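What follows is a set of structures for review.
Below are two complexes that have subunit A in common, paired first with subunit B and then with subunit C.
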Partner chain A sequence: MNKDEYAKLVKELSPKEPRIKNAIYAFLVGGLIGFIGEVIVNILIESFGLARVDSYAWLALIIIGISCLLTALGKFDNFVTKAKCGLIVPTTGFAHSVQSASLDYKREGFVTGIGANAFKLAGSVIVAGIISAFFLIILKVMCYG
Partner chain B sequence: MASLKFSNVYINDNWTITGPMESDSKLKKIDIKLDDYYFDEKTFEQAEIRMQKMAINSILARHKLSSKDIDLIVGGDLLNQIAASNYANNATNIPFVGIYSACATFPESLIIAGSFLKNDNVNKIIGITSCHNLTAEKQFRYPIEYGSPRTQTSTWTSTAAISVLLSKKKKNIKVESGTIGKIIDMGIKDTNNMGAIMAPAAAQTLYEHLSDLNRNVDYYDLILTGDLGCVGGEIFKEYCSKTYNIKIKKHLDAGCELYLKSQNVYAGGSGPSCLPLVLFNKILLQKKYKRILIIGTGSLHSPVMVNQKISIPAIAHAVSLEVL
Partner chain C sequence: MIYLNSFLFAGVVCLICQIVLDNSKLTPGHITSGLTVIGAILSYAGIYDKIIRWCGAGATTLISNFGHTLYSAGLQGYESSGFLGILTGLLSSCGVAIVSVIVFSFIFTIVFKSKD
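Up next is the complex of A and B:
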């Protein structure tokens, strides 16, 4: 049996991922987080008299704070396992990835442990953000001056 | 020829310590069940070291042996530089052979121990195997608390340390023969489908074992593979019949036998401890099989090579056991 035939055999015998079910579930959970976010924004505007721009900044802080707290309490990973990308794609996932990597390496020191590993997963997102911001700003200057 | 026959090598006893998931599974007669992954230590790695130390010391205590009575310890684990085994053996004061072949560690340790026991001046050897779900997760996959979604083909690394006492005294289980396998790479790159990576290696070793010793597969009452998982087990049987024309009648996979369906581990258990756990704490307790061929299967995957997009090699070692 050569490698191609073997790959075919493996594909045949491996169970399929329930992609559609996962996608619907992630869509609903992600949407629910967006909905909760919108409710929080409106409460901040109505009850605390914040401007819409400021309330979005506060919302990010609140959501990141809650997800970090849940990660530290050891609950968030169970939610991620069930809700999959519904929780990983929003800001909750970003905070969670930094927090969980930091927790893993906390015993290995501040510099060699947490410092070196906190952005193990999230680092590529930050790099992508910086690079795209760099090119977009060049584009903006070229088009609009 | 990579197959060896042993005339007087016996597994006299075994001692087991398991983690929380294994305690709820189908296993029986576990010596110590932990309900905490930390085992009162500061880190998971230190917990694994303590588990190994305890496994070695407890089997010595049970047989009223001191470190002077043991000629050699053979063992390994999953960590980089087999750290758990090296640190656990730091204070034992017994000569130590550290081995790494991922989840094929247990049969490899039996074969090495058997070869040493052929010498007149070697009488008692301890084999030690351990793995810890969270140290393996941290090293090979994502951070522990990240809870990355798993696929249907993924397996769950078991948490356990198992020590076995081997000697020339005729008792319990005879280590009859063993085959050291070749490294096989069938081009699979998916780290979430370890069963598919390891199945061809298991089949190759089974074929070599049978042809070296001139045996038919029906000679064995049971073929027990290490941690192919439920998915890999099926691939193994199919691959054996298609490539080597070996039709296996009685096959079980330790990974598939380890956990309950309700424990949500997808394709089953894995890790170096998976095979000895199921063998000693389940299969042998049933007293159903006389001749058992265990095939430990190791996916020799290195996160560095996986990131370089190179396919993952695998190895399998087989040991033939006879229940006395």
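Up next is the complex of A and C:
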């Protein structure tokens, strides 16, 4: 069997991703998280009298807490494999990556395990955000004073 | 109306990301980092504030909101105390997300065991 035939065989036998199904799941789950978030924000504004900006911060706290808890209980991985981007793109994905990394490396101890590996996956988001925000602020300040 | 907008905005962003993920060799890490950068750029252009006004929590639950809050908090810091204000202010409103994720994950890691 030469290389081309082998490549063809691998392509035939590798499982096909159900792309349309994935896309529909991602749309529905992602949209549902946005919708539930808006409901929670309105409840916070109307029954606790919070300002709109503060209630967004409380919402982030609630979402992170719930997704950390579900990940620790071992339920969240099943949801992620089904909904994929529907749960990776909202803040749930950020919390999930930190929680699962620190659970995985728990047995290596607090410093070399949890401390060193907690931001293994989520660190790229923080670095990318800070770098881009910093240089865009510098650009804005230099252009517009 | 804002409920429908938030459903549609969050759903469409997730849909686009899923299509990009399925049709390229990018990992989820690339997608979330890219969205953060896009959020900062939209905030620079003044668009993200308008999106939040239209779509409410649909825009703030996404990871792109991270770039937006970093940028707007840093700019506020510059306006109040100059160049040093950028460095001190940059994380001031994102601190909620970072600190809470560290605290929650630390507590739950101690309490629960990893399920293999």
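Simple rule for what comes next: the second predicted complex is superposed on the first by the 134 of 145 C-alpha atoms of A that agree within 3 Å, B and C clash if a C-alpha of one lies under 4 Å from a C-alpha of the other, contacts with A are read in each partner's own complex, and residues count from 1 in each chain.
As a convention for this text, a contact is a pair of C-beta atoms (placed from the backbone, for glycine too) under 8 Å apart; a residue touches a chain by one contact, two chains touch by 3 or more.
Every value quoted in this text rests on a predicted model; they were computed, and no experiment measured them.
*Asks:* Return fit or clash for subunit B versus subunit C, each positioned on subunit A through the superposition.
*Replies:* fit
*Asks:* By the touch definition at the top of the document, which applies to A:74: first (subunit B), second (subunit C), both, or neither?
*Replies:* A:74: touches subunit B and subunit C.
*Asks:* Who contacts more of subunit A, subunit B or subunit C?
*Replies:* Looking at subunit B versus subunit C, the one contacting more residues of subunit A is C.
*Asks:* Kindly classify A:103 by the partners it touches after superposition: subunit B alone (first), subunit C alone (second), both, or neither?
*Replies:* both
*Asks:* Tell me the contact category for A:121 with respect to subunit B and subunit C: first, second, both or neither.
*Replies:* both
*Asks:* Regarding the shared-chain residue A:132, is it in contact with subunit B (first), subunit C (second), both, or neither?
*Replies:* second
*Asks:* Which partner does A:9 reach: the first (subunit B), the second (subunit C), both, or neither?
*Replies:* Only subunit B; A:9 stays clear of subunit C.
*Asks:* Thinking of the overlay built on chain A, is A:111 touched by subunit B (first), by subunit C (second), by both, or by neither?
*Replies:* Neither subunit B nor subunit C is touched by A:111.
*Asks:* For A:60, is the partner it touches subunit B (first), subunit C (second), both, or none of the two (neither)?
*Replies:* Second partner only.
*Asks:* Looking at A:84, would you say it contacts subunit B, subunit C, both, or neither? Reply first, second, both or neither.
*Replies:* So A:84 meets both subunit B and subunit C here.
*Asks:* Please indicate which partner A:23 is in contact with in the superposed arrangement: first for subunit B, second for subunit C, both, or neither.
*Replies:* second
*Asks:* Can you report the least C-alpha distance between subunit B and subunit C in the superposed arrangement, rounded to whole Å?
*Replies:* 5
*Asks:* From the superposed pair, tell me which subunit A residues show up as contacts to subunit B and also as contacts to subunit C.
*Replies:* Of subunit A, residues 17, 22, 71, 74, 84-85, 99, 103-104, 107, 121 contact subunit B in one complex and subunit C in the other.
*Asks:* Okay, in this complex, where on subunit A does subunit C touch?
*Replies:* Result: residues 17, 19, 22-23, 25-35, 37-41, 56-57, 59-61, 63-65, 68-69, 71-74, 84-86, 88-91, 93-95, 98-99, 102-104, 106-107, 114, 118, 121-122, 124-130, 132-134, 136-141 of subunit A touch subunit C.
*Asks:* Under the touch definition given earlier, write down the residues of subunit A that touch subunit B in their complex.
*Replies:* Contact set of subunit A toward subunit B: 1, 3, 6-7, 9-10, 13-17, 22, 71, 74, 76-81, 84-85, 96-97, 99-101, 103-104, 107, 120-121.
*Asks:* Tell me, which parts of subunit C touch subunit A in their complex?
*Replies:* By the definition above, subunit C touches subunit A via 2-3, 6-15, 17-19, 21-23, 28-29, 31-37, 39-41, 43-44, 55-63, 65-67, 70-71, 74-75, 78, 86, 90-91, 93-94, 96-98, 100-102, 104-106, 108-109, 111-115.
*Asks:* Once bound in the complex, which stretches of subunit B touch subunit A?
*Replies:* 42-43, 138, 142-153, 186-188, 193, 196, 200, 231, 234-235, 238-239, 242-243
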